Every structure is written in C-alpha cells, then in structure tokens.
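Have a look at this one.
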Amino acid sequence: MIRRRLRQLWPSVALCTALLCGWQAAVNLLGVQDWLLPSPVQIARAGWQAAPILCPHIWETTRETLAGFALALFVGLGLGMLVDYSSTVRAAVYPLLVLSQTVPVIAIAPLLVIWFGYGILPKVIVVALVCFFPIVINTADGLQSTDAEQIALLRTMGATRSQIFRKVRLPGALPAFFTGIKVGITYSVVGAIMGEWVGASSGLGVFMLRATNSFRTDWVFVSIAVTAMLSLMLFGAVTLLERAALRWYWSSRRTEEWEEIR
Amino acid sequence: MIRRRLRQLWPSVALCTALLCGWQAAVNLLGVQDWLLPSPVQIARAGWQAAPILCPHIWETTRETLAGFALALFVGLGLGMLVDYSSTVRAAVYPLLVLSQTVPVIAIAPLLVIWFGYGILPKVIVVALVCFFPIVINTADGLQSTDAEQIALLRTMGATRSQIFRKVRLPGALPAFFTGIKVGITYSVVGAIMGEWVGASSGLGVFMLRATNSFRTDWVFVSIAVTAMLSLMLFGAVTLLERAALRWYWSSRRTEEWEEIR
Amino acid sequence: APSTLEPAVLSLDWVPNTNHTGLYVALEKGWYAEEGIDLQIQIPSDPSAALKQVAAGNTEFGVSFQEEVTLARSTGIPVVSIAALVQHNTSAFAALASSGIERPRDFQGHTYASYSLPIEPAIMSSLMACDGGDSALVDFIDVGFDAFPALVGGNVDLAWIFLGWDGVQAQLKGIDLAVVPLYGSCVPDYYTPVLIAGETTLADKGDLARRVLSATARGYEYAIGHPDEAADILLKYSPESDPELVRASQAYLSPRYQDDAASWGVQERGVWEGLSEWMADQGLIERPIAVDEAFTNEYLP
Amino acid sequence: MPIIRVEQVSKAFQVDGRVFYALDRVSMEARQREFVSIVGPSGCGKSTLLNLVAGLLDPDDGEIALQGDRSAPRLGRVGYMPQRDGLLPWRRLLDNLTLGPEIMGRDVAIARERARSLLPLFGLEGFERSYAHELSGGMRQRAALLRTLLCEQEVVLLDEPLGALDALTRRTMRDWLLDIWERFERTMVFVTHDVDEAVLLSDRIYVMSPRPGRIVSEITVDLSRPRGEGLLGQPSFISYRDEILNTLRESSA
Amino acid sequence: MPIIRVEQVSKAFQVDGRVFYALDRVSMEARQREFVSIVGPSGCGKSTLLNLVAGLLDPDDGEIALQGDRSAPRLGRVGYMPQRDGLLPWRRLLDNLTLGPEIMGRDVAIARERARSLLPLFGLEGFERSYAHELSGGMRQRAALLRTLLCEQEVVLLDEPLGALDALTRRTMRDWLLDIWERFERTMVFVTHDVDEAVLLSDRIYVMSPRPGRIVSEITVDLSRPRGEGLLGQPSFISYRDEILNTLRESSA
C-alpha cells in the first residue's frame, strides 16, 4: 500500500527535479540577475538561512489556512445544499455567489479591518471567501447530477427529502464535492497570504511583503516555495481522503483501468 | 422559453434588490461615512458620473478577460486530457498544476513584465493562470468518472483510445467540465484586474487603483460593480451554453424534477 | 503594571522600513510602556487603507503622507497629521544612468512606472514645465505591484523612488541611477511620511496622542543619534529586511529625520499651505484645504 | 374494497415533440391478498402503470386509489421493485438490501439479520460485501427483489422480478414469492413477459396492448392452489395460456 | 478450425478479500457458421466468459484463440451485446444504433439508413430521437441488440439478448436473429436462461455449473432446420430439453 503510494510519487518527483535543473541551468547560463529570478540553489540556501525567522510565520499562516478552510467547507457544503434545495433558492443565490468572487480582497480590506480588527478573523474570512466558491458550485452541480432512478427508488420507499438527500444525493455528489475541495484547498494558503495583506504582523504574507520590499527576491521565492509545499501537502491530504471516502467509486474505476490498455 | 428564463430571473433580482435596500438603509441609519462604504445610491450616481471615463477601461478589461479565458479554456481542456492520458502523466503533472496556483501574482509580476512587457499579453497570461485550474481539475475528474460499462462497450467495438475519448469520456465529462468553466469564468474578470496591477495604462484595475489612491471610494465601488456585472454576464452566458450543450443531461434531470415534490 | 497599559494600534503605510525606525526603537526600549501604552504596530494592505482605518477611529494612529492627508481632507476624511517623520521630501524621479536622462525635460518620450497616485502626473508636469518639457509626451504605466524592479529591469525608463530606500539599494547593488530629487526643485516640498490620527481620536484621547508622540520622539531622537543601534532594532522587528540595506538606509535617513527643524516632528504651516495651494492649482483638489485642521504640532512634546 | 384501484387513467409523454399516449384510459384493481399479473408486449406501458400506482408519476387523467383513498399521496405505501435494479453503487450488498427498513425508520440491525438469513436462499451468500458492479446480472436482480421484500409492505409491485434468472433459480424465487404472499397476506402486482408464469402464480391477469397502452382483457385464473410445475401440461392450464397468447397476438396484429 | 476456441481458461475475482474463481478451466469452441448457446444458473460465469472472448478481460490461466490466433488482441473482432444495454445517455436512439459503424469507420449515413429501415421490425419506429431514459426496458434491450447487429461482425456474442422481451416480440427477434445468422453466415454465441430457446436455436449447447463456473456438459442438437415453434411439443425436442434441465439440476444440487 505504502510502497504503491511511493511508486506513484516518482513521476512528479522526477518531473519537478527536471524542471528545477532546467531552471538552475537557465539562470546560470543566461546570467539572470538573482534579484529578478534566483536559482533553485540560491533559493535553497536562502531558505536554510531564513528558516529560524520563517517558522513562526509558517505556523501563523497554517493556522489561518486551516481555520479558514474549515469555515469554507462548512459554508460551501451548506450553501451547496441550500442551492440544491429549490430552484428558486438556486436562482436567487447563484448570482450572489458569483458576486462574492468578484470583489477584489484589496478593495474591501479597510472594511474587513474595521469590522473584524487585526486578529485572525479577517484572514480566516478571506481564506473562506476564496475557497468556498468552487466547493459550492461543485457540490451544487454534483447534487444535481444524482441519478433519477435512484431517487425514484427511494421515493417509492417513502423517503423524505432529507433522507433522499442523505442516502442518495450526498453520496452521489461526493466525487464532485471532492473535486471542489481539491480546487478550494489549492487556493487556501494563497488566500491566507492575501488575508495577511489586509493587515497582519506575522505570517507568510507579511514575510513575503517585507522580503519584496527589501529586494530580497531569494527570500520571496523561499516563501513561495513554502506556500507551494503547504498547498501541496494539503492537496495531497485531500486526495488521500478522497480515495478513502470513495472506495466504491475507485473500485469501480479500477476495474476499468486494468481493463484498459493504457 | 424566453418567458421561462425571465421567470427564473426574478428570485435573484428580488434578493439583490432586498440586499441593496438593506445596504442603503444600513448606511443611512448608521451614518457610515461615504469614504468608507458608500451607499448603493451614491455608487449609482458615481457610476453615472464616471461612465464616460469608465468605458474605455471596461473595454480594455473585457478584451483581456476574453482573450485570457479563451487561453484558459484551451490550456485547461488540453491539460485535463493530458492528465487523463495516463496515471503517470497524472501523477507527474498534478503537483505542478497545484504549484501554479500557489504563486501569488504579485511575486511574479516583475518577471511577467520583463518577459512579456506591458502589452495585453501579461494580463492574458494572468487571467489564464487564474482560470485554468478549476477547468483542468474538473475536466480530469470528469473524464475519470466515465462509466466503465460504456467504455467496455466501445472497446468491444475495437475503439481506439482517441475514439473512446471522443465518444464516451468527453461527452460523459461535459457536466463536470462545465462546472469547472463556471468556476473559472467567475475568476476571469478579477484575474484581468490583477493582471493590470502588473502594469497597465488602462483597464478597470488601473481605474480602481487610481480611485483608491484618490480616496474616491464611490468610484472604487463603481468599478467593483462593473466587475461584478461583467462576471455575472459571463457566468450567465456559460450557464446558457451549458443548458444548450447538455440537453440530454437536463432532460433526464427534468424527469426527476417534476417527479419530485419540491 | 502591564495590565493597566492602554492599548493602541498604529498602522504603518507599508512594510517596516527606515522611515519607521523611531517607532520600533521606542517600542523596543519600552518607552511606550513607560507612557502607559501597549502599542501594536500593524501593516495594512495599502497606504490608503491605513488612512481610512485611522479616519474611522478603530486604528488610533497611522503613517501617511502630506499629499494623501491633503487629498483625504479635501474629500472630507477626518485625519490630522500630528508629526512629520522626515522633514523633507526624499522622493525623486530616477532613470538608469545609461539612459542619458539627466533633467526633467529629458523625460519626454520615455515611459514612467506610476503608482497610480494622483499627485504623480501633476508633479511630473510641474517639474518638466519648469525645465521646458511637456509631460504629455511621457508614457504613464500604472504598476500596482512594484515600480523599482521594472526600472532596473529596463522595462520602463522612469520611476518614482525613495532616495533613502530604493536609492540606497541601487547604490549597494552597483546600479547607476540618474536622479531628479523633488526637494529643491520647483515643486513644493512636503512632509512624507507623516504620523496621523483621526479627529475623533484626538478629541477623545488627546492625552494618548501626546504620550505616543512623546515616546515616538524619543525613539526618533535615539535613531538620529545612534543610527547603527537603531538599524539593529529595526532589523529585530523586521528580520526579513536586508541588514546591509537597512544599515545603509539608516545612515542616509538618520540625519534627515529632524534635519533643519527646531525639533523632531515639527511641521510648518507654510509647507502645508504651499502644497495645498499647489494641489488646488493643479486641479488635484477643488480648493485649498483649511491647513490648520490638517496638521498640528500640539501633541508633540 | 380493492387495495389498488386504477380508474380510467391516461398518461402521455412527449416523444420527439409529439404527445404520445403511453397509457390510455386504463382501469385495473387488486384486492386484498390477491396476486394480480400484468402481461403485455414490450413498451405497452406496464412499467408506467406501476410507476403511477407507486406514486412516482401522476396520471394526466383518471384516478388512482390506494386502500380506497384517492387523494392521499401514494409514495411510501407500496413495496416496489423497478425494472432496472437501482442498486446504489456506493453501498455494499447488505447495505443495499436494508435500504427500505432504513428509510422507513425500522430497526436496521434486525433487517440486516433477516437479510443475512435469506442470502443463501437468494444465492448471494459470500457476496455480502460486494459492490453492485461486482455482481452478475441475475444476482443484481435477486438483490433488488430481496431488497423490495425486506420493505415488508402489504402491497408489493414487482416489475419483471425474474427476467434475468435461469429456470431453476427462477423456480426457487417464484416458490419463495408465493410463500411470502400466502404467509404474510400480501397483495402482489406482478409484471411479467412469461405467460406460463403469470398463469401459475396469479389469481387474475390483465392483458395489455401497446400504443396506446390499453387493457384488452382481464382473466380470472380459477386453478386450485398450491399450483406446482406439474400443472404446466394440464388442459385447464393450457387453455388459460392459449387464451392469453391469443389475446396478445390479436391485439398486436 | 473453430473460429472461437477457449482452452482451459480460468478467471478469478477478489470477493471480500478472498480469491473467488468465476471460471475454472473452461473449454469451449464455436465453429464457423455455428450457433452455440451457453446455459447455466445465474452467476455461473456466462457473462465473464463472453467478456473474456470479447477481449474485455484476460484469462488468469488458459488460452483463447479467435480465428486460430492465440496472441492477437481480440477487441474489435466480435460483435458483443453486453447484458446491461450500455446505451449512451447523451445520444438519441438512432445515434446509439450507429455507434458500431461509427467506431469502425464505416459509412455512418448508410448505417443510419439501415438502422432506420429496421426500426419498425424492432418496434422502435417513432422513437428515433428518444434518449435512453425515455425508452422502456424492452425497448432498450432491442436497441442494444440492433446496435450489436449493425456492427456486422462475423462473430456475434449475445448476452441474454431477449431477456426483457415478451413472448411475441421475443419470437420476432428470434426469427430475425436466425435469419441474420443464416443469410449472412454468422457465428453466434448466445447466452440464455431459456432452455427451450437454446434448443430451438442452437447447433450446440454448453451447460455450465456455478462456483466455480465449469462446463458440465456439451450437447449437440441434431434437429433439422428450419425449426418452428411446432417443435416444442415433439419428443426429440423434449428429450434435449430434459437432458439439459437434468444436467442443470444435478450440477446445482
């Protein structure tokens, strides 16, 4: 099991290594200035050097990310269900969902601070705002895609709406729901960083801004690398969860995979 | 048909109107200063006043949005297919996709400028970068969800991979694909605005920055309103397209809807 | 006892830099605490956001610029400048030395990376007009994220820089810049940055402002006298900054905090009037503001 | 009073833009403890009729009464086995079987025990934890049948419950069905293509004709019970069978 | 030389973690122009056997040769009608029917014409533009059958093609199948539950036993063709039938 997982990792490791090598070579050969684009080796060295400073920032951002994503999950699932509840609610709420995504965070930053202060709350809200949208849309579309025959069957058994929802719609929508979660979680760390730009005294976003302002491009890239790593870890965790939660789904797909000449 | 569409519009119009009224009342009653949060009436008045200045900006941003989204569609669909091609490619490319979303635009803005200058290209790239991700993930997950029986059937007919892809996987993935497009297009206009912050001389993003720096909060909100309107129009267009493209899908869902006591 | 400290928030204009050294010195030395204040220093999403927060009164103090305060007051935003952090404008237009740009009229036909500040075109045109140039021939590009890299990368020919930061950085990196400073040119001098507070804050907590300024003044005076130690303190609070840059910048800026003023932080009515009238002339504001409401030395020690 | 009463019911669908009558003024009934079969050519509207009785569809015209009540909702008051099995792909076999009791709020543990005890009879032992896609066609059908009967409704509608089964398994299932019907006093409506089976099992048989679906004949089967396979060759049996086949033949011509 | 040759083929699945043999050393063959039937209890592995022959599965053990070739891939070389219809939900009926010719790169216009001309015989006229969910169970099955035959493969595997059809429709389809088989010199492998049908149609019949699926008997049907329904009562027919039924009964006991 674990060995299979590891075997699945090597293509990405190989490709990433290749890309990093290409990057290093390009920087060295083309003589790109390091304040513009540092090489991977420089970034690694800078990362080593910045590590003690970086750690508390990482911890802060991780907290914000997790709290914000939990909120997004809650809100996303809730709204996805609400939107599925009736076509009137759907018609009424959908445009608002779209609207919520069209307000640049920076434009409402002063409001956020005035309403929620400088604590963790505004960051959590920004993360949730950024992440919940794909979750809602995927959940709503997934719920809508439920097999009509399965619903009919439950209805003949006298199932209530909520039973139909729990026993058919929700399990049937799980694959789409996970797709939404995967998209959402990818945005979560960046969302936290954007949230920190609203006003914060620590966090990766703060680190990144300060490094940018000091023209320490290598440190900027260190914080990007950390962001990427955090995002990848969260994405990976969701993928594992998906596999576990959708065993039936993947077992029926697997049939197909060995059936197919790949 | 058109009357039905209009009837579907009223819940959202009603809800929006209610929210706007609430906002207006809140601003009036609580005496919120207009430089912090202008009221809808003030925004409308400012919009009327700013219209002549605003138009060329809107046009610029629309161009960038459409070009960027077209690119995102192309790249997203292409990568979605590529990722579906083999589990090795999938394993190799997925982390990179996630990585692509974890780099804040602000951090690579200087690079974008140096590589692509100040023309429309960097904005198009930013839009594409922002929009393509949900498209890829949804397309890939949709392609993977294809019914194993349908694939088996085509294989007995001697279908090639590409035939299976075109005749079964792709049509089967269309609902998920459209979900991804809906999420992506929602980000497109905001993406263009962020792209303009990389460096531009016109566009809604420029307008927004200038208004912010001049403390014309009402104009900032005008540009947010325009952004929202553009996004909604694009989202609506995609929804219409989805309905048209997935007639079979909706016709089988409709069965369910009249069957269900809503 | 710490439990009796009065909390207060001060929002910087941007990430910590040598403009802010005195604040951090006072914080580090415990001078705010001595005054009974628990000061929290915050970084906003952008300068205009800081100003709005201060005006709204939920952030007591902020760092802003004279031209911003003038603009804000003209639109009815109730903020007051209570101290000048640096006595003279250290802004400049910069070009790469290799570009051949030496004086304002050379700007013609070049591209300029703008921060989207309304004052930029006005200053540019005044400056060029004095030198017989026409700013209509300068190509403005609004760069929301960063102008200096664009200049150094050669993507634009001109950028607005701060001599005490970008200028020092260029020197350290061995980049030759041709600079046209604003101070001493035909454009009026103004205070940038300044410390601001909301009108309501001043009315309700005037004593707090006085105590904050008292500690802050000590901080800046220390920074004036001990550039190296002050730089180290700033670095302690902003360890992400480049030490070399901070030290060099501190050396540049320390003598300029007070400069020719009688004491640190003092603002002159003439400077406020001068900018206000000039901005009105330029059409940036409809009419000159009432400068006596826009700034005050009353809270300075 | 009949438990199911369908009166002059019509049902139309849109086919390619045109209105198409799947059922045209169909009347039928099933009395308490009766075993009623519906036979008719493919596409004549048998499934549509069951959908109407179960409450999944509403008639365009006419009325349907369950237990004498015309206006009460019908959903949840009959056990219904649809033509396609409808097994939920994310549930293992045993969880699929106990779906009905679960929905009806009965004790699931008891239902599981009952299901488990019936697995051998249904030839599903050892597959408790299989997903639907791991079962053979006939196994899926048997699972659906078992699921329906575990709902323990007084009225049971079965849409071709034995279609995918071989003769032997079919006989086992059939016997068991009769046993259930008799022992627990059920009312059964049974859709089948197999005329022999219809005669063997039923008290009454409705014969339908297609396009639009109409009931062309109602036959009461006066054969003593229990009826074994031995009946198949007997003249009384054959006469019923031929009568039905003739009706079908004529109405299709 | 047999067109299909299955030699000592075994196939195992994982059921609840345990290895479960669906097929155990099964051997069978079908010669050119032969009509071979496979009968056996539900779940004995008939569909699995067809999946193996069609190339959807590979044997765990043993060999399968199509047209004498053991190593060549088998996919795309037989017409296969799977037990579940597999109609594509986004295609209208006519487009579903022409799927085979489309995949094989034949002229779709001709295939459409041919499909259209066969619609009345298959009782599908007027439903050209219907989606699968708008068809009755039997109509779906007929559509799947027609789709398979429009592939015009020499070898045709049919997995219970007539299971959901009533006696009359079934007879029409059966006659037509025989007609196709004779006129176009096809080789047919036919899975059925209906022993009568197997005897009526086949040259040879394989009888299977379940768990693990084995071939327990191979019966050559020496009845002259054409064979009509009249045969049903004749002693030679009945003896074949009883032989098969007995074998089934014994192997299941």
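Order of writing sets the labels: A, B, C, D and E. Residues in every chain begin at 1.
Operating definition for what follows: a contact is a pair of C-beta atoms (placed from the backbone, for glycine too) under 8 Å apart; a residue touches a chain by one contact, two chains touch by 3 or more.
Nothing here was measured: the structure is a model prediction, and the numbers come from that model.
Asker: Counting one step per pair of touching chains, how far is subunit D from subunit C at the shortest?
Answerer: Minimum number of steps from subunit C to subunit D: 2.
Asker: Among the chain pairs here, which one is joined by the most contacts?
Answerer: A-B
Asker: Over half shared numbers or under half: where do the identical copies subunit A and subunit B land at their interface, same or different?
Answerer: same
Asker: Sort the other chains by how far their Cα centres are from that of subunit E and give me the top one.
Answerer: The most remote chain is C.
Asker: Go ahead and note the Å separation of the Cα centroids belonging to subunit A and subunit E.
Answerer: That gives a centre separation of 49 Å.
Asker: With centres defined as the mean C-alpha position, give me the subunit C-subunit E separation in Å.
Answerer: Comparing mean C-alpha positions, subunit E is 85 Å from subunit C.
Asker: Approximately how many whole Å separate the CA-defined centres of subunit A and subunit C?
Answerer: That gives a centre separation of 37 Å.
Asker: Using the touch rule from the top of the page, what residues of subunit A touch 2 or more other chains?
Answerer: 36, 110, 114, 148, 152, 155, 212, 249, 252, 255, 259
Asker: Where does subunit C touch two or more other chains at once, residue-wise?
Answerer: 46, 48, 52, 56, 146, 149, 153
Asker: In subunit E, what residues contact two or more other chains?
Answerer: As it turns out, subunit E has residues touching two or more other chains at 56, 84, 133.
Asker: Show me the residue ranges of subunit E that touch subunit B in the complex, using the header's touch definition.
Answerer: It is residues 51, 54-56, 75-80, 82, 84, 86, 88-91, 99-100, 102-104, 131, 133, 151 of subunit E that touch subunit B.
Asker: Which residues of subunit D touch subunit E in the complex?
Answerer: Answer in residue numbers: 13, 15-16, 20, 39-43, 47, 83-84, 123, 126-130, 134-139, 141-142, 159-160, 163-170, 193-195, 245, 248-249, 252.
Asker: Within their complex, state which residues of subunit A touch subunit D.
Answerer: 149-150, 152-159, 163, 167-168, 171-172, 174, 246, 248-249, 251-252, 255
Asker: If we count contacts the way the header does, which residues on subunit B are in touch with subunit A in the complex?
Answerer: Residues in contact with subunit A: 8-12, 14-16, 19, 36-37, 86-89, 91-96, 98-99, 101-104, 106-107, 110-111, 114, 133-134, 137-138, 141, 144-146, 148, 151-152, 155, 161, 175-176, 178-179, 182-183, 186-187, 189-190, 193-194, 208, 212, 220-221, 224, 227-228, 230-232, 235, 249, 252-253, 255-257, 259-262.
Asker: Subunit C touches which residues of subunit B in the complex?
Answerer: Contact set of subunit B toward subunit C: 33, 35-36, 105-106, 109-110, 113-114, 117-118, 196-201, 205-206, 209-210, 212-217.
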